[in-house]
């Protein structure tokens, strides 16, 4: 019965029927960028695009996992099935990763309505973003109504990933003033909700005001969604000390309503598709090109010629695309 | 115990405490302090390791340079089996080997000697009759690398001859042969009692080996002056210290009288101590010994070569402290004793197997004994710095005290006319017997506690795997010896026998002749018999 | 020849000496010229290393401030250390039996250890307990279990150490007091100790039972109660040992142990107790690892540091407040399952170190600990080890026999210097409570533990049988294996269920209600627990009641509903 | 390089909280290039196996320390069978007597590593065997 012997089609069928093992297997193939991953994604794609997708980003120690743990409970209470993609950094040296998020999600470990998948950021050729985007599609296909993406930090990769989400949460903690400055430019712009977690720490109020100022500073003109800054205390050993989570959920739902009322949701979905299209393109083209160069020794030749100053990257790429893509097109 | 009382200095904090004496009968203070150094001149009395007077160790880098030699004592009757065990031990990390001889060999008799019947290869000793046995015993060993310690005394000249002859056979340069011959006859008269010639000729044979090794086997220790057996017979640590050193000095005197140059032979003299149960007394014993030896060699005998001042010692943990009851307890005893020997700066160490009190050690118990030293060396950190206990108020005080006590005993011995006179008067034998008696008494009175023996005694049935010698071994050995004798040239043997007698009479060095003799196949028994004819045998008047 | 040559040559093949290995061993220098904690050791220490030292100020005689050389003038001349064995296995009845066995064989103190279910504050009938009750210690679910455990042991004669570390220490104390009074003992005369160090226990996997505020609250309740009611009782053993087992170094053991101790002290002072009222009953649990001299130096440094801390920081006046009283537990993590009898050797070194260090009470690991719970034979051997050191080796004749050694004194200074550095680091973080709350300490433990493994992997630390002198793993445990009977667990579980049915519900309700009120009013909870346990409230219920007052779930495992709702 | 990483579920089981060893192993496996999903303490055979399913793990590793190895090993094996994880490698680390190792293997565990193991011991084992089960 070895699940690994199933054909892409059969696997996809099982995923659609909500089979966890099959889904898990497909996700692995996607992660490993195996050849028949695309086959399965083709099967699954038509059955995706309806879930609510929430993205959380923010640097380590900001309490994202704990926050997600609370969100899962709330969505489950609403009777929604939940999928979680938790991305943790891989070691650049060994390529290994320590994925610890499940410790925080323990209270859901036996809930069949929750599907959690930990991912190492690895050193993806095509970029982590593409893998994540595909994993989200798989989770949609298996029928999860809410999908939460957790990513670390604020690199370009993360921004790309977050583009997949409809509602994007940026999680900060007091005493991260500098980070906030840095983020004004980057993620601040795509954040729909800014969560100030650990709001019971000193300096929380100051930080709160700073953030609100920053938000308004970043606002474009015209009617639109005004990012909310929401204080929370998620990491508390006593349930009574947990604060702001209900408001946060409310905020998320408000943003979703906003998206649907203003039909912005279509825009968001379009963005997502555009994003994915770009990622897949980049990825596949790269594959094709390198596949073509493989063994020919040309690649080394190009590098040499550029090093020697007889050539430059731009000309090289033009030349390569001209040859290889044409060949591809003829078929 | 009330704090304030002491403040006004009225109360002696230790009033009411029972006095405590150690194994040597010296009274021990409850606490030692800096005042022990009041008369110490650190440069003069302690110095640095590798420097006169060597209290802190005989080499400048000690175990930082090279660890002590892990020298395991072992033997099995049949030379071939014994050989296998040597290989096994070395492969487990032993860096030296000590070999015991079986009773007949110790008594200078061959396996086919009627007196040897039933004793051949028993009690963990190897039977050496001929050079062939020596070949089997050391087969496959690189004699230029491993150092072999022969626990051999009265018959040392013959064993050494066989060893040298084998070296020639194997083409191993004598210069490279390393090892030790126990070869200490005085302690045999004093305690161990395995002697045959009278003291005079016995000592002369030892001087022959010393002279021979000094010239031909520079890496070989011709003698290991042994306190271990004195202690096993009952000598207290202080007696062990004093008697052993005075024996050492006696050999030095005789060697000088015999016209040897002290700075040539003294560097080859080595010692053999026991590691007692009393941890600190033991450490102090070694440290005192180093200082006394250095000072006497330099100041009394005028040695100029620093190597002559070095008290180099092999140590064995105390077999007599082990109990047949609750065998595993012996692991603990051996561990503590081994630690103290290392803290005392020994050059090589044998750790007893815990089942020794019951049987010849099994491979497993031998291995554990070996591991004990390895854990000590690699894990405990005890070897990380040199003479780690130096400066300890207690250790230094005890060292000073033992040194002083030792000088008293030297005086007593001198007053009765020296070591040999002392032996003939039965002084050593009596002293040791008394100590043994006092110790036994203290056990029976429960003043001294031995766990499992006179305290915390248990009912127990010990099922231990005894290692027994192949019952046919003796038969086969005799047959082999017979075969060996048959293929010799009797004429040659007769010639060599005469040669041997004549050098014994003339006083020339016996070694060259003996080597030729054993090469021709003369047996140990035959050689000793020749010497007995010339030297006669010693009978001790019973001591009560 | 006397034996068949063919056979002997065959064996020769098997046993040809590897001469390179031989030479390597022959010339090999000590594994490391660093201490276990990684500090460089000079080749030689001399009087020059001790210049500028003041004997009175820095060392002092045994029994004198700063107690570097020992707490008492006469040390072991006055009395040997207490030779303890830790027992706790199966049901309270089984444990009582094993305790009796140890006393028969010369143990002079008794340590009874709680199992994981009890430490977690679960009754034997808790779903999570089913599989594990009695597996690693004993579970005391209610007063009757305590009665069985005590049995005929004369509480006024033996020195009993209750090893319950977590917040469950509070119910334990209550159960012990209730039973003792019941048997007619005057508790103010009872000698013994309770581990009662909930803060450290979060690092041993009992976080759900040991939230920080509750740990300080209940831990301090026990300390306060004993200070007032049981003047002869040692009400806490701050467990530096467990911290060390996490893989930290010797000076870190001191620094973090002291840090936790200060959390309690500050709370007791906050409650208005005078330092000299309670400090004399403060005790510690110290590790003795395999590096003899470093461990000895650690102990001596800790004694000196504690004396100075109590005098200078807390203004203690009574010398007894300044005395660092400690028990030693030989290092479990220094033992390995390979060639298990070698552990006897390690334990002997570690025990000897503790005695050199002037230990008050010593527990030797059983050699089989890396394989199973101690067997009777294992216990016995551990005990014999202590007895041999006490009676045969003569090391007890002199207080602080290594005192003055250039190496030991220098290393003692080094330990103090490093420990102070680590204490400063914690202070700069805002104190120990903060370091714990922010999980800074967790991260420190993690880093250190990984370092330790790496040292062994990289042969920086040699362990015989692991990375040097390895040999075929043994197929059996030399002195046998300890098993736990499932039946006694079963019967204990049934007993709890029965008890919960049989007890008088009203009396129970009132008793628990009072406990809740006292907890809510910030009163000391022990008196109310004594009453509650007499009303047959169980361990889980008593803790649950207080947990709820503090806003925690009744059940630390979050599956049982509160019976008080 | 991203393809084919060995994924390991590492967990404690039951109430025993001695997680130091498990954490050290986790970081060792990480440095060996594996993806380690650490579940932490208080897991049940069910929760461990469920995590292994969702994460499509190649290996389940549990750490025992308090003599619970004979209790939980069969339960975990049972649950793995029930969920069809025959192709997942099951290893345990911790302290148990040599006598029990055959027993545990008979119960269906693939390999055990006792205290005093070197990293390379279990890293190499998992590399080879997990690879096998992959194929």
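Order as written gives the chain letters A, B, C and D; numbering starts at 1 within each chain.
Note that a residue touches a chain if its C-beta (ideal position, glycine included) is under 8 Å from a C-beta of that chain, and two chains touch if they have at least 3 such contacts.
Keep in mind the model is a prediction, meaning the values are calculated, not measured.
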Quiz prompt | Chain of greatest Cα-centre distance to chain C | solution = A
Exercise. Please work out the Cα centroid separation of chain C and chain D, and write it as a whole number of Å.
Key: 29
Practice problem: Could you give the separation in Å between the centres of chain A and chain C, each centre being the mean of its C-alpha atoms? | Solution: 47
Practice problem: Averaging only over C-alpha atoms, locate the centres of chain B and chain D and give their separation in whole Å. | Solution: 54
Quiz prompt | Where chain C touches two or more other chains at once, by residue number | solution = 463, 465
Quiz item: Going by the touch rule set out above, which residues of chain A reach two or more other chains?
Solution: none
Quiz item: Looking only at which chains touch which, which shape fits best: line, ring, star, complete or other?
Solution: other
Quiz item: Which bits of chain D are touching chain A when the two form their complex?
Solution: 1-5, 7, 26-27, 29-40, 42-44, 46-47, 50-51, 53-56, 83-84, 87
Quiz prompt | Residues of chain A that touch chain C when the two form their complex | solution = 107, 237-241
Self-check item: Contact set on chain B toward chain C in their complex
Solution: 1, 3, 6, 13-14, 17-18, 20, 22-23, 28-34, 36, 42, 48-49, 56, 61, 63-67, 69-70, 78, 80-81, 83-84, 87-88, 90-93, 95, 136, 139-142, 145-146, 277-281, 321, 326, 328-329, 331-333, 335-336, 339, 367-368, 371-372, 374-396, 449-452, 455-456, 458, 473, 476-477, 479-480
Practice problem: Over in the complex, which chain C residues touch chain A? Could you list them? | Solution: 211-212, 550-553, 558
Quiz prompt | chain C residues within the chain D interface of the complex | solution = 116-117, 120, 122, 128-129, 131-132, 135-136, 204-208, 245-247, 335-338, 368-373, 445-446, 449-450, 452-453, 456-457, 463, 465-467, 473-477, 481, 484, 557
